[in-house]
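Note that the chains are named A, B, C and D in the order they appear, and that numbering of residues resets to 1 at the start of each chain.
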Amino acid sequence: MKDRRTFIKQAGLAGLAGFVPINPLLASDFKEDKSANNEVSDAKWPDGSRLVVSVSMQFEAGGQPVNAESPFPQNMQKGFIDLPGESWYQYGYKEGIPRMLDNWDKFGIKVTSHMVGSAVLKNPELAKEIVQRGHEAAAHGMDWATQYSMPYETEKKFIKDGADAIKKVTGFEPVGYNANWLRRGTNTLEILQELGFKYHIDDLSRDEPFLLKVKGNDFVVVPYTIRCNDIVLVEGKNFSADQFARQVIMEFDQLYIESEKKRRQMSISFHDRIGGTPQMVAATTQILSYIQKHKGVSFRRKDEIAQMAYQDKNIIRE
Amino acid sequence: MKDRRTFIKQAGLAGLAGFVPINPLLASDFKEDKSANNEVSDAKWPDGSRLVVSVSMQFEAGGQPVNAESPFPQNMQKGFIDLPGESWYQYGYKEGIPRMLDNWDKFGIKVTSHMVGSAVLKNPELAKEIVQRGHEAAAHGMDWATQYSMPYETEKKFIKDGADAIKKVTGFEPVGYNANWLRRGTNTLEILQELGFKYHIDDLSRDEPFLLKVKGNDFVVVPYTIRCNDIVLVEGKNFSADQFARQVIMEFDQLYIESEKKRRQMSISFHDRIGGTPQMVAATTQILSYIQKHKGVSFRRKDEIAQMAYQDKNIIRE
Amino acid sequence: MKDRRTFIKQAGLAGLAGFVPINPLLASDFKEDKSANNEVSDAKWPDGSRLVVSVSMQFEAGGQPVNAESPFPQNMQKGFIDLPGESWYQYGYKEGIPRMLDNWDKFGIKVTSHMVGSAVLKNPELAKEIVQRGHEAAAHGMDWATQYSMPYETEKKFIKDGADAIKKVTGFEPVGYNANWLRRGTNTLEILQELGFKYHIDDLSRDEPFLLKVKGNDFVVVPYTIRCNDIVLVEGKNFSADQFARQVIMEFDQLYIESEKKRRQMSISFHDRIGGTPQMVAATTQILSYIQKHKGVSFRRKDEIAQMAYQDKNIIRE
Amino acid sequence: MKDRRTFIKQAGLAGLAGFVPINPLLASDFKEDKSANNEVSDAKWPDGSRLVVSVSMQFEAGGQPVNAESPFPQNMQKGFIDLPGESWYQYGYKEGIPRMLDNWDKFGIKVTSHMVGSAVLKNPELAKEIVQRGHEAAAHGMDWATQYSMPYETEKKFIKDGADAIKKVTGFEPVGYNANWLRRGTNTLEILQELGFKYHIDDLSRDEPFLLKVKGNDFVVVPYTIRCNDIVLVEGKNFSADQFARQVIMEFDQLYIESEKKRRQMSISFHDRIGGTPQMVAATTQILSYIQKHKGVSFRRKDEIAQMAYQDKNIIRE
């Protein structure tokens, strides 16, 4: 594995505000680097930045259940299919992901794509393209099932099937996990660790990563967001795209101030069929343009954040 | 029929940003022009524009069922009529459509009016005026029934009755279709083709038209919108008019950028009783003024878009 | 009664953009002035203005039923009183109406106050003050009962009791009517006419007043609004005050343009406990300051509008 | 106790726009100062300011019941725990309160923290820190129970237990009370007085404090807010942070105008897990920066406001 020193050097070379290209990490990359000296101040991240921004791109469309919730009224008669609702989801892979992929390139950032297994199997070329363009594939369950109430073995198979689908189609072995609606069960973390996962994101409690002990072993939490998350637009009538942009920029403003004294992480999340619309990509463009004008900010995939967390002596432990 | 060459020439003469006046198309105009050379770059539309904007104006008021949903609380006692709710709908034909018609003229654009059959029969003069002022009449069912659960013959009669009402009252033979709440059934496309329709819009999956095979024959989809759709204001307390304007303008901004390399279609939709209010026409004025400042954009009726799609060798086929 | 000529002259003297003070009208003032010549162009109102703005101030607080809907969760256990909900209503008469009264004076405008009978009896001094400061008292039912399902005689008594309470307390005989949630029944107009009312407002269908025949006699409709109505803020989490201001100003912009060629009426409505908050009075201040910068606009009580409608040869008749 | 004269003098020394540091008040400080002359004009507060702004910071997280409402869908299967919902609450004490505490210091203001007893017991260090940094600890029940339907003795114990927890952990004896969802019962005020409380806030009816008689004795009401309250964002999809900021600023604008002639109080409220997010602290920063540019405004803890109310001869009595 790339050692800590090399890691920091690369960051230095590439500059902090831009993206530091890193090859897909292997599960074996995630050992704690106990030898490394912490060469940067406590306020900074191991890569020298003060604020790390982590962007998620959910790849779910195509994997949703029949008549899944959409902006259409939830009043379908039994036995019939909500065809326009389906086309709303199709937008996710036909227009949404491709548009966002182009936009990430435009800004030179890499993101984490949380992939539902069945969505990957339905659109394998697109899943492959996401990885080939340098983004992280993270697992997001085999499909949109309620995970928290599954018995242990059922859940384990459910998680493994999703991860296997991603690995098989994209060649990328997922090390991160996101449960449907963030609703993991009480066994989930243990299962994840057994299966070789290195971090999960189903936690909103902090603006920086932290370490848990799961069965005596460290496990990283890379916190997620529901407020800088395009899900606030899902009904098509709550937030408008410009509201979203303003709110996320306000989030950044405060975290940037705080990051002068304390390392901070900002999470922003987009779903294929929502964040991939033209108006939301326009909003994203406003957000990213704004953020990139600030020094000391790096955009990181969540596996990179998790790696930094494992290597970081000052990490919060809960 | 007007041949391809003539069509493009007309477009050239009239300029791209303005509206190209075209007589109501006949169903017989919709044959694929196999001989035509594609004289413009693949990024452009057959009419030479890079982005086509399609505006819809729903003509539904007067055709709604008793106590149809409105901004009023949905708690009427049985056996009584929601009189203020009715007056909310009446606004659609008394003020809304006339106001929008004047506004389209001000901007020199032609739109597609999706007409409910019973609404047309209730206000025939207004339906006629819409067509006489150069707009397309598209079918929208005989009334506000749930179409997706109808048996085949019932649905066929339902669609045909609505189209006949439009033809009889306005002289315009509809070639486009829009189901109530976009909810077509599994037989709808076949029925539409049998009845001579040339396209439908009940699909949100793309930002450009595409071709389907229906019983082995081509059928065009001109995608619709629910996010650049005034329906987001329907409860009278979600989006405000200025939010709507900002969101639609953001949608345009992104599609305009993309249209440099790829032909793109933008859809905007207004309902008689919502989009026809002064505040929403003010919003529409902001939107149209903004769009018309950009080169290479044409406003097109959906029948024109469908015609271009049939003639286009580079059309997406699904 | 003041004759038509005098009426127009007064308007001329006082200037169009300002308020023309008019004494409380008597029911007997509402005879059609058949002799009057229409001296102004058809595009103008009888008072020479092009756009008439009518502001409503609902006086309802104190008359609401126990545990009436409020921004608080609607989940009270049976047998208990929602005390903070009550205090939310009390705000209407303790702060809301007094604040709005001062604001109308600041802008020199007179409004129509739709008064619930039981609210008037609970706060008679405030009701009296409204009238003494030159505003119109219109009837709004005896209390917040569901009016549309009442039998004829019950409804008649209900309307009369409310009007009598207003007359008794304020000395003002109401000639206008507004039903709870605008929901009149099928007998309401006939009852209103029997009781000597001259107009009602429970109709959203036009942006100008119009005449109905009720039992063969003329009856004026002065249309109301639910979109330029602070009720869009009622849940405390939909519209914000600045959104309201922007939306209403957009409404004005379009109506003002239209009023160059056609007489137009704009309606704006405020409720004691909503429109009377500081943030909404700040919004109202923005709206009124904006409107008063435009020439040819007059602010009118609804009884004045109704009077103009009766005297107007060009009035729309339905 | 600090006498009235000294109190005013301190205010004079420290300047009106800044915060006047005052030690935690004792319950015994709340006697009416009958000897004091009212040296300032009636339009002013006893401390010489024209507008008093009172900020609340709810300390509730950790004390919520299992599966308490959160932005997540309220559809958990029975017997399972909403883990991401829990992490949403944890944000309140891990990030929210600490962030807000730093922000209050930045602006030099002291606030009132309404503390749920069980939340205090769960995070005693944080509760202590709030008090040590000069803020008021007010009682907010032992936990999130429905208080209004409790029998007298149950309610008394419930209130006392919460207050005792605060006293024990922080050393601060609460004199103010806030019921869950503001929903006090009909016995609450009497119980509060018995227990030595000096004011409650569960009333929205005025923009200034007032006095009630409870069992013949004076009791102060320091009115609260639900519109300048971050609860309007609670579902994560209604108000955006920028909307909140604009609305609160509009509230201030109007109250500031009014305070020229009449003493006015403005209330702003934040919850640990909502108002403590970066975007909301950014909004708060906008609000406080704006307010502090105005002369004659003081930020006061609610116990200070109550103290001024008891000493004020011109106080409204209901």
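Note that contacts are C-beta pairs under 8 Å (C-beta built on N, C-alpha and C of every residue); 3 or more make two chains touch, one makes a residue touch a chain.
Bear in mind that the values here come from a model prediction, so they are computed numbers and not experimental data.
S.K.: Going by the contact rule set out at the top, which chains touch both subunit C and subunit D?
M.R.: none
S.K.: Would the interface of subunit A with subunit B count as same or different, where same needs over half of all numbers used to appear in both copies?
M.R.: Different: fewer than half of the residue numbers at the subunit A-subunit B interface appear in both copies.
S.K.: Compute the centre of every chain as the mean of its C-alpha atoms, then state which one is farthest from the centre of subunit B.
M.R.: With centres defined by C-alpha atoms, farthest from subunit B sits D.
S.K.: Hey, how far is the Cα centre of subunit B from the one of subunit D, in Å?
M.R.: Roughly 53 Å separates the two chain centres.
S.K.: Centre to centre, by mean C-alpha position, how many angstrom separate subunit A and subunit D?
M.R.: For subunit A versus subunit D, the centre distance works out to 38 Å.
S.K.: Give the residues of subunit C that touch two or more other chains, as numbers and ranges in rising order.
M.R.: Residues 238, 243 of subunit C touch two or more partner chains.
S.K.: Classify the chain contact graph as line, ring, star, complete or other.
M.R.: It is a ring, because the chains touch in a row that closes back on itself.
S.K.: If two chains touch, include that pair; go through all of them.
M.R.: So the chains that touch one another pair up as A-B, A-D, B-C, C-D.
S.K.: Looking at the complex, which residues from subunit B come into contact with subunit C?
M.R.: 71-73, 77, 80-84, 87-88, 90-91, 94-95, 99, 236-238, 240-243, 277-279, 281-283, 285
S.K.: Under the definition above, what is the set of subunit D residues touching subunit C in their complex?
M.R.: Within the complex, subunit D touches subunit C at residues 146, 148-149, 181-186, 202-207, 223, 226-228, 232-233, 235, 238-239, 243-244, 246-248, 250-255, 258, 266.
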